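Common to both upcoming complexes is chain A, partnered first by chain B, then by chain C.
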Partner chain A sequence: MTSVSFPDDGARHGARAAARRRDVTRLLLLAPAVLLVIAFVLIPTAMALLDSFHNDGSWTIENFVTIVTVVPYPRILWNTVTIAAATALLSVALAAPLAAFLAAHEGFVARIVLALVAATFWVSILVKLFAWQVLLARTGPLNMLLQAVAVTTPGTSLLYTRGAVLVAMVQVMVPYACMLLVAGMKRVDWDLIIAARTLGARLPLVFASVYWPQVRYSVIMTTLVIFVTASGFFVAPALLGGSGEVMVGMKMQSDLANQYDSGLAATTGTVLMLGLLLLSWIALKVSGASFRRIAEEVGS
Partner chain B sequence: MTRGRGLRIAGWSYCSLILLFLLFPVAIVVPASFSGSQTLEFPPSTWSLHWYHQVLGDGRWLASAFLSLRIALFAAAAATVSGLMVSVVHLRFGRVTPTLRAFFLLPLIAPHIVLATGLFSLLLRTHLLGSPTVLAFGHACLALPLSIVVLVNAVETIEPLLWSAAASLGARWWMIVREVLLPTLSISLVVAFLLAFIASWDEVTFAVFIGPISTPTLPSRMFSYLQELTNPSVSAVATMLAALTVSAGLVSVLLPRLRRRPVRITP
Partner chain C sequence: MTKRHASSAGHVAAVMLLLSTFAAQAQGTKSCHPDGKPIESEVVFNSSGGSYGDAIQKVFFTPFEQECGTKVRHVNSQRTYQQMRLYVQSGNLPWDIGATYADQEFPLGIRDGILHKLPQGFWDSLKAEMIDGSYNEYGAWATPYSELLVYSTKSTPQGIQSWADFWDVKKFPGPRIIANRAFMLIGALLADGVAPDKIYPLDMDRAFKKLDELRPSLRAFYAAPDQGVQGVANGEFVFGTTLSGRAVTAINSGQPIEMVWNGAILHNSWTFILKGTPHPRAAEALLYYMQNADRQAQLAVLTGYTGGNKNATKGLDPKVVRMLPATQEHLSVASMVDAAWWADNNAKATARWDAWVAQH
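And now, the complex of A and B:
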């Protein structure tokens, strides 16, 4: 650096000042966006972490012991994991064939189908949950139909069950899964598949060794994103689930609203976050990807 | 040949089934909202507009809608302007690095319930809990990844030398932004604004955790009504909400196709 000498000392200073000005401008332009993320993501996350290790003014892991041992917390954590996992697997299982089909078809109808899927994605989750409340009500159309063919008796309620929560959460998540999967599946190289077929490979073999390796990353990533999103749901179990479907989000909200103490809610959040990080790490190891690639994928 | 055709028929039938599953539940809300009976029913036995009269005549729903509108307009504007500034950096000062891009996607990836809990504790101490302004800024942050993705992708189609060319002809930066950048990005700016607007307009988690309580936002009020499950007037609100969201979504999808790009700048 120092060995570089400019013929004119004034020009050198000028260049340096210009470079500094550029850096300052760049920083100022990035500032609002960076500050928003710091204020509403980094600081709150740090605050939640801090609160979970803090109780009555001293450092302690008491909150974590409570979460793991005191009823209803372990149960709620388990509910969250199982409901989110079932939602992720069902959504991806339903969306994958659709996405594979749409990704392989270029045409007016395929575009319309994709646009309709996207349209349902943008409808408020509350509208969808309300629709399920109507459909699954005791005197709702579905129950009437089931009673008519004598599957259920007049007293049974479809609402406030795990099935109701799952159906609604899957309906909310399928469009999201489908859009993420289509983006990944558009990149499948069909020439490779045709080549494999020409060389005499049977369909199961083509699927396992030519198609799956090309979409594996996208499928695992989508499942992970859906799982993470689903584990943070609190409106769906609150509106459609019974006492057996309480998930962490609901409990955190009621802890905050009823006790005005963020200790236990923050601890639940911390456990959730650590669990998600661990799971994401495992999933990324399995699929051979990185967080950065996920960020790029979600962003594209 | 027949096998390929069978596969195609199976594919389209599957598409229709999934679309039915996705659309049908939303579609039944519309007729249910025009029901004439006093309880919620589908299919309705008589037709009337009385849920609409009830909702539109109720000052509380209107106050919530107005609050949501103000918050969403502010959040969308803030997210779009911040996103535009990031895209200017991308165009003018070298590409935004993948790490920085990942950083900007954090609001999308981080669990919102954890963020809301941290914010609750923070705002409780600073006596800002329930402040609409804080909620608006929070929504701006949640919408930021959407506007950044749209605008940075749009700016990638602009030739960076265009800026230098304009500058060498003596244009000041604000002139370049006004005469070159904004016209080129106009459609993407509208799309970014609409996506951010919907993200805030429909947002439930922050609104319920840290939002105003006496006059909650529209989704927050709807959530508390749905928990009670006794008031069918929600069906009218749901129909209007869905109509608004779908039309905003349609505009953001159709707009880039309706108008061709004003100037083709990519080589």
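And now, the complex of A and C:
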């Protein structure tokens, strides 16, 4: 049991051991999140995927045929995509100026504004929706005002419409859009903009060729996140929408409760998920972004 | 108890058995089982909780514990029918006795053999007080509830009397709101002149044709029954449907709402015992106890609902009685949901209903 060791070798051993320890620590720190995602996202998703190919105990694509061809599924998928897209675009458009302000300022006023945005997260979505039920009611304040200036007649109602659903969903999503955008806009390099101005570029040109390229990925990513979140909305269309605003969440709930079989609901979820992935991929391609580039952006 | 039997040597074994089974039972309390024999020392009741859970605790469980010496553990779980069936199949019951959460659960439970069968002659001593059809060998009514028409006494002071009036858009123009549930097919058939007791087997084609007629005036299909009554109260809609309990809450808080009992859709709600329960006799005793007229009267005051005892409304304030779904007067004009038909056809009817709502 004699071993010869050189001092140099021992040091290298020590460095390698330290690196291994660092790797182990890193793995241990990542493990809870990774396990959580595997247990509560990947496994259930895989189970739903399997379930969607099941009907009356045998393997089939019948559920998918139903979703694509049988009334009312195509209509409901279309409702979902259009409502979610409108919500995403409106939310980002409304949140962008606010986010730009918050990203560029750090004083007392900015802190107050940021606190106000954060405070809206504390208000339950149900409270927001019921508030809209009161505000948009036929005899509610908004309709009274519109009638007074003769925009609407006493017969019209703003509730149970596409507009009511959109207003509420945008209200819920704007703070999220704002927070996501601020994170991206904070990394804008203002020296480049000052340089462009110094060299005589007009504001539209500065925006198009200096500012926009720096925030493009974060705007696209925010739009996608809001779009995906909005497509899963259930309570807003159920409480404020009419029959033209039935979204997939509502139909999945009805199918789960009434069909004694989770196959159709699983298929609806699968189709929605695949559709969202495809749309996200197209949006990223068209805009010249990619998941990898965004990951690098975030990592840098 | 031991003295009486000890003289006869042949009964010693039986006594030992009884003692070991019911050792934990409190001494000196009377048995609450209709056959007078002892019951187990504990029973677990599952309810959906909330203010209704508080009310049944106060009216039934607490006095049962005091009078019968058996502990009632009251749990609240949002189980599905499938979960309940799994409990019985696995022999692992989280509770012994509870109420149905949907119409079709009771006939499905009987069909699937997951409900505890009551002993022969269980209801004999109570039969005379009970509404016909409110009890059978697997359970008794918990609190049947009505889905009915409501109107605003402010905008329609003359009121409406029936589903036919609800459909009459010439006489009563204006937007309506109904539940986003296939049970609305019953209302359509009632509006089309079908007698409340002749609805089944339900003619879906005829019902959807009648619904098509009213479609332009149906502005919303609610997810929460409060939307129906609030929408009518604040003038968003001329008429709507809601659950009677929600209408009672609105009326009691001063809203200008009136209910139309004629053609009310009466939903089933049963108390039942799970098969294989470790506390069958205590569960039976509790089920029996809950059918008492006085206790159901107290429940009516607290919740606006009663069970199947005819005498529960005797001596109650008429103001309370006129808001109860299961009085003789209201039952005679209601359309009772045929739970067996819905158990077989709910999936198909709801699929058609969802398509009809979303496609128009």
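By definition in this document, the second predicted complex is superposed on the first by the 246 of 300 C-alpha atoms of A that agree within 3 Å, B and C clash if a C-alpha of one lies under 4 Å from a C-alpha of the other, contacts with A are read in each partner's own complex, and residues count from 1 in each chain.
Keep this in mind: contacts are C-beta pairs under 8 Å (C-beta built on N, C-alpha and C of every residue); 3 or more make two chains touch, one makes a residue touch a chain.
Small disclaimer: the values here were computed from a predicted structure and weren't measured.
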item: Partner chain(s) touched by A:Ile76 [first = chain B, second = chain C, both, neither]; value: second
item: Which superposed partner A:Thr139 touches (first chain B, second chain C, both, neither); value: both
item: Touching partner for A:Ser209 - first (chain B), second (chain C), both, neither; value: neither
item: Contacts of A:Ser254 with chain B and chain C, given as first, second, both or neither; value: second
item: Dominant toucher of chain A (residue count), chain B or chain C; value: B
item: Which of chain B and chain C A:Leu239 touches, first, second, both or neither; value: both
item: Partner chain(s) touched by A:Thr156 [first = chain B, second = chain C, both, neither]; value: neither
item: First, second, both or neither for A:Ser231, with chain B first and chain C second; value: first
item: Footprint overlap on chain A, comparing chain B with chain C; value: 133, 137, 139-140, 238-239, 260
item: Touch list for chain A against partner chain C, complex; value: 70-72, 75-76, 79, 133, 137-140, 157, 159-160, 238-239, 242-243, 246, 250-251, 254-255, 258-260
item: Partner chain B, residues of chain A touching it in the complex; value: 22, 25-26, 29-30, 32-34, 36-37, 39-48, 51, 94-95, 97-98, 101-102, 105, 109, 113, 115-120, 122-135, 137, 139-141, 171, 174-175, 228, 231-232, 234-235, 238-239, 248-249, 252-253, 256, 260, 262, 265-266, 269-270, 272-273, 276, 291-292, 294-296, 298-300
item: Chain A partner contacts - residues on chain B that touch it in the complex; value: 11-12, 14-15, 18-19, 21-23, 25-26, 28-29, 32, 40-43, 78, 81-83, 85-86, 88-89, 93, 98-122, 124, 137-138, 140-142, 144-145, 148-149, 153, 198, 202, 204-205, 208-209, 219, 222-223, 226-227, 229, 234-235, 238, 241-242, 245-246, 248-250, 253
item: Partner chain A, residues of chain C touching it in the complex; value: 82, 175, 182, 218-221, 223-224, 227, 230, 234-236, 346-347, 350-351, 354-355, 357-360
